[in-house]
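Structure in structure tokens, see below.
Going in written order, the chains are labelled A, B, C and D, and every chain counts its residues from 1.
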Amino acid sequence: MNVLPFNAISSLVYLAQASPPAKAIDPVAITNQLLNGVGIVGILLLTGLGLSITFGVMRIINLAHGEFIMLGAYTTFVLQSNFKMDLLMTIPFSFLFTALVGALVEVTIVRRLYGRAIETLLATWGLSIVLQGVVKLIFTAQLKYVKAPPYIRGNWTPFTIGGQAIEISYYRLFIIFMALLLLGITAYLLYGTTLGREVRAVTQNREMARCLGVNTSLVDMLTFAYGCGLAGVAGTVIASLKSVAPAMGQDYLVDAWMTVVAGGVDKLVGVLAGAVLIGESNAAIAYLLNDPTARVIVLAAVIVLIRYRPEGLFTVQKRG
Amino acid sequence: MAQALGQVQQSSFIPKKWQIINLVALLIFIIFPFVAGTFQTNLMAKLLLFGILGVSLDLVWGFTGILSFAHGVFFTLGGYATAYYLKLNLSAAANNYGGTVPDFMVWNGLKELPWFIAPLQYFPVAIVAMVAIPAGFAYAIGSFIFRSKVSGVYITVITLAIASALTTFFVSQQAYTGGTNGITDVSKLILFGMVVPPIGIYFIILAFATLTIAGSWWLTKSNFGLILRSIKENEKRISYLGYDVASFKIFVWTLSAAIAGICGGLFVPLNNFISPVYLGVAFGTQIVIWVAVGGRGTLFGPVIAAILLGQLQNSVDRITQDWQLIVGIILMVVVLFLPDGLMSLLPNKLFSSSSNKLEKT
Amino acid sequence: MNSQASVLSVKDLKVVFSGFKALKGVNLDVGTNEIVTIIGPNGAGKSTLLDAIVGKSPVASGHVYYQGQDITNKSPHDIARMGIGRKFQNPNVYNELSVFDNILLALKGTHGVFSSIKAKLTTAKKDKIISVLDRIGLLEQGYAKVSSLSHGQKQWVEIGMVLAQDPAVVLLDEPTAGMTADETYATGEIIKTIATSHSVVVIEHDMEFVKQIAQRLVVLHQGEKLTEGSVAEVQSNPKVIEVYLGREQIDAA
Amino acid sequence: MKKLPHPKGLLSAITRRRFIQYSSLAAASSIVVACAKSGGDAAKDPAPATTGATPATASAADGKKGIKVGVMYSTTGSIAIVEKSLQDATFLAIDQINEGTGPWAGKKGIDGQMLEKVVVNPDSNWDLYNQMSKRLIDEDKVVCVLGCYTSASRKSVLPVFEEKDRLLYYPVYYEGNECSSNVFYTGAAPNQQITDSIPYCIKNFGKKGFFIGSDYIYPKESNRIAKAELVAGGGTVVGDEYAALGTTEFITIINKIKQAKPNFILSNLVGDSIPAFYKQLKDAGITSKQIPIMAFPTTEEEIQAMGPEFAEGHFSSFNYFQTVDTPENKAFVEQFRAKFGKDRVTNGVMEAAYIQTFFMAQAMEKCAKEKKEFTTANLREATRGQEFKAPQGTVKSDADNYHTYLYSRIGKWKADGQAEIVFATKAAVKPIPWSQALYKGRMCVHKTPDTRASSIVETKKPIPVAFLDKP
């Protein structure tokens, strides 16, 4: 029983020993690291945003979320390799394409399963296997390559300390900008428009909304499609950092979930909080120790967080 | 009439037809290794183990309503316990590096056996660890999360995080766990001074499976089972009747982890290795799929599903390399059209006893 | 603390939901074998009061005493085991189980994990369940799934559960909702029999029913106790007429 | 006895529900069959794999039964990226053997018998490697198996091959430390990839090395050997970092590299992590001129996947590059492209997969000529010592340790995604399964004929570098 806690401690000792000559914590490096953490935050935010719509707003447990990210990346790949399209130009297309696929999925699968959360979870897991399989049949398992726009290259150096540069790559900045932009647009759509009001009405009380003349099935379809579209945009933006492959979405699924749940699913701002919390603590711990240890610690912290605040960081306590 | 009433509630009562079916099924499994080849016997033993692993998940999910993706974790913890035992008992001739320190530890610079692994070279310790480590870990987690207001999908997210974190942890602790490779090159299982042949392992697994199913049947038919089902339907209500829901959840969760641990422990002598691949979310999901396809809340469903899906994958692989696409389609079809799983295809008459009228006594 | 005299005693109870004060310091005493009926408009805090007593809603300040023991913010199952039974506003029963199983679950007992595994269905238990089923008139439907019953019948099942639980204090939240006049009357008679050996707290809207059972009436309004007394006293209280009934007479219902 | 008489409507509703369930199951199974068919077609294997289920179709024209050979590579899942190309190279070799083209020109099959491939796809899942290798041996009764990639998959099947005494041909560079009588290794042993590259780095880049790798046995062991070599050569290790397998986020490691300011990075990243690391390193403003990467598992395949501009100026140490200038290689590249597409590249692992298929075929041919059956013992004795004029040059299966004499080369990546070979040994280097920097004098010598007894020999003296005598 106490094997595990001991292992955890001994692992830190072991890692410390395995590391090269102990490095002093360099203020420049740690600043750089925290700034770079913004890049991780951007990716988490981008991948979690779609999920915060499908899960946070609609309460659909969508395990195929990673595959919608993958579909977005492939859309960009296809457009880029066939029409030499700029990555930025492909964003609307990957949004539309994944949203379309999302709408189809909603109509054929998800719609039949409202109110049966576990069934949705299983069906979307099946869907994720199928989407991967189909993409693999079309494009083979070979890695594909997406070019970043040539004008978003290099590093931005806000200042230097003692000749050492504090810097962050423009592409990371672009990611966080895109993420915040999409967050803003989503917040506006959800809280500032009639459609958004209808969405919230439907998710809070389907029957009542229907009585008030809201076309609930249309609202459901649009909302789900929008969430999937956001995942598609995430896929496009991430694609140029890594390579495109059928199984690429799997890497993001667990992290996106943690981001959404840690921040709190009821408020859109929760996903931002979750991303900042997980991204920056990951970056800081990874710098002090290493990446795998950081991941273990952050996941453990998220478990503790859920235990004590299941409603997330940014949700008010509810009656009962 | 009072006796008739008793029948329905007593755990020992099993409808006759169903008894016969069970006996026939058991007979088929006993004859199976003598008819089928080495490979099929080995595969069937593995699928039986996976099926029982499904049953262990079914106890917490199908009966109690807690969906867990972490059952692979308990399985793997039990597996590592026996894997260390078998590895540490590898004959000196087979250990390239001599001494008692396993090869993967030598590669990672360990000079001597860590104290927390060393006791596992003794058979009784390993057997106890195989059950106690997963059960103890489950108990710790269970006490932590079930004694709070966390429920439903959040529990599931926590299990996702546990599976993900432990995978990363086991992979990164290469010196102690063998990393991604896990523990390989283990010795054969030796009981009473004899190497257990594959068919012997098959029968050990069959005996374990029979016992687990019988035990689970008895458990779920008891008052305890009734309480589990009430927790699944409405866990708040039952606490106002004076039941401490958390302790019931912790108990069934720990019990289920213990069963999963034994599955893992028996898996190693069968398959000769254990690795973090069984810790991960993907394997955890596979267990969930066996239960979902077989039928939640049925004890035979997960076993039937594990065997059918395993055999299906084995035969479809001969036709197409894209067999997991087909598994995905089947999963979607089952969820959409057969929400209660394969077991719901069986006629209800098999399970229901004739209903009785209640009379005043 | 005059909790000696009363079985259940609520002192200056406050319950707050995210800033909203649902109960603003309520006092209540329930004597042995007494029926206390709580009335009040929607949102008065009636159900919240019961929730706070059984440990469902967290108490911000104040205390709940049961037989002199402080049970404030104890866990629901502990409170239930001590002897406080509750029936919820909407029938809160197990639809997937049979009526028999619902009553079986509620049966007074140790309720531990291991005792439940070992538990056998003894003749005594069976007799008890059958007598409860008989009393709530569902003997015929004993093996039927609860989901197949009508709304009123489900109410009966839950009343049956409370009977099987045999608590010292019975809390009933609108036990007659969805019942016909005859059924309501029968329920009232059952409650009266219950009160011969239990203390009962009832939340009710139906004034006919209130008159049938009520010994003492408590009026809640906006999280505060407005007044209490006999039916006649309450009916004639000008404050009650003012805030609760408005222009209407209390017995117009 | 029934308490509630079921109304007729209810009964019929139940039957209808059951009917829907049964019919949906039937529909599902027909979808399965349809998909199975279309899946097989869509794979578009130029020569569809004959399957174990229909062995009759594989019989040679003269009525002789084919020789069943297992081909076990994942074509789906996370490592399919690499394994699919290994499968392609294996298929090319088998087709050439059956058709009598390429290196097999002038012959036809194995003395007239055709090779019949039994293809399985373990879906990048170690559990399935184990299960499927059992199936290949016990059910499909294959003569031997070609396959596996990564140590984890090899380790998961090794007990199967040893217990059942069958042969596995394994085409991947690995960490060493194995001496099995049931595996022929055609990938590089540590001394064929690491030993020459570290002195090259010290001489050309400097003494400070930063080591990175994916978090599993091969990179860790490989880096451990390389670090020992670096220290032995007077260099220092300024960093040692591992990223989870499949990670594509390298911000932290790159930041640590910036801080440590090494002269070179030694990368043992594998798979999907490679393109991500190279791209992010360049994005972070570190060019190949400032800090070059010396990589072991980075091949043409990954360079193509990331886009050559990210790899330009970095280095890889390998036995084979597509640019190797031999007539055999020109033919290999040409034949491969003709079969699988003009845009495809060849790489060292594929070449090893190609080589081992010919080792196997030559050994079978030898058995056939000597009128011996294809038993494991016969095939093993026939395989050891086989020579083959491979694309990388003449290679030989070492008769003592079953690893392969291979060339050691270092390539510098150019803008077109191809390597300029900046270093090459004069002939194929004799393999040593144990790093001599760590286990001085440890060798693997199997007896002749192989009795399958433990074959580790401790000489306690350093083993000198040996080369294959050119014929």
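By definition in this document, contacts are C-beta pairs under 8 Å (C-beta built on N, C-alpha and C of every residue); 3 or more make two chains touch, one makes a residue touch a chain.
Note that the coordinates shown come from a computational prediction; the quantities given were computed from them, not determined experimentally.
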| item | value |
| --- | --- |
| Centroid-based (C-alpha) most distant chain relative to subunit B | C |
| Winner on C-beta contact pairs when B-C is weighed against B-D | B-D |
| Centre-of-Cα separation between subunit C and subunit B, whole angstrom | 43 |
| For subunit A paired with subunit B, centre-to-centre distance based on mean C-alpha positions, whole Å | 32 |
| Euclidean distance of C-alpha centroids - subunit A vs subunit C, Å | 48 |
| Contacts with 2+ other chains: residues of subunit A | 133, 136-137, 290, 292, 295 |
| Multi-partner residues of subunit C (each touching 2 or more other chains) | 56, 140, 143 |
| Multi-partner residues of subunit D (each touching 2 or more other chains) | 3, 39, 42-43, 75-76, 215, 242, 244 |
| Touching residues (chain side subunit D, partner subunit A) in the complex | 39, 42-43, 75-78, 80-81, 84-85, 215, 237-244, 246-249, 251-253, 255-256, 258-260, 272, 275-276, 279-280, 283-285, 301-302, 304-307 |
| Subunit A to subunit D touching residues, read off their complex | 18-21, 23, 26, 28-29, 32-33, 36-37, 39-40, 43, 132-133, 136-137, 140-145, 147-148, 153-155, 167, 169, 171-172, 240-243, 245-248, 250-251, 283, 286-287, 290-292, 294-295 |
| Contacting residues of subunit C [partner subunit B, same complex] | 54, 56, 75-78, 80-81, 85-86, 88, 92-97, 100-101, 104-106, 111-113, 116-117, 119, 121, 123, 126-127, 130-131, 133-134, 139-140, 142-143, 161, 165 |
| Contact footprint of subunit B on subunit D as seen in their complex | 1-3, 18, 20-22, 24-25, 27-28, 31-32, 35-37, 39-40, 42-43, 51-53, 75-76, 119-121, 123, 125-127, 130-132, 134-135, 137-139, 150-152, 155-156, 158-160, 163, 175, 177, 179, 215-217, 220-221, 224, 242, 244-245, 454, 456 |
| Complex contacts: residues of subunit B adjacent to subunit D | 37-40, 42-43, 46, 93-94, 96, 103-104, 107-109, 168, 171-172, 174, 178-182, 184-186, 271-273, 275, 277-278, 282-283, 314-326, 329-330, 333-334, 336-338, 344-345, 354-357 |
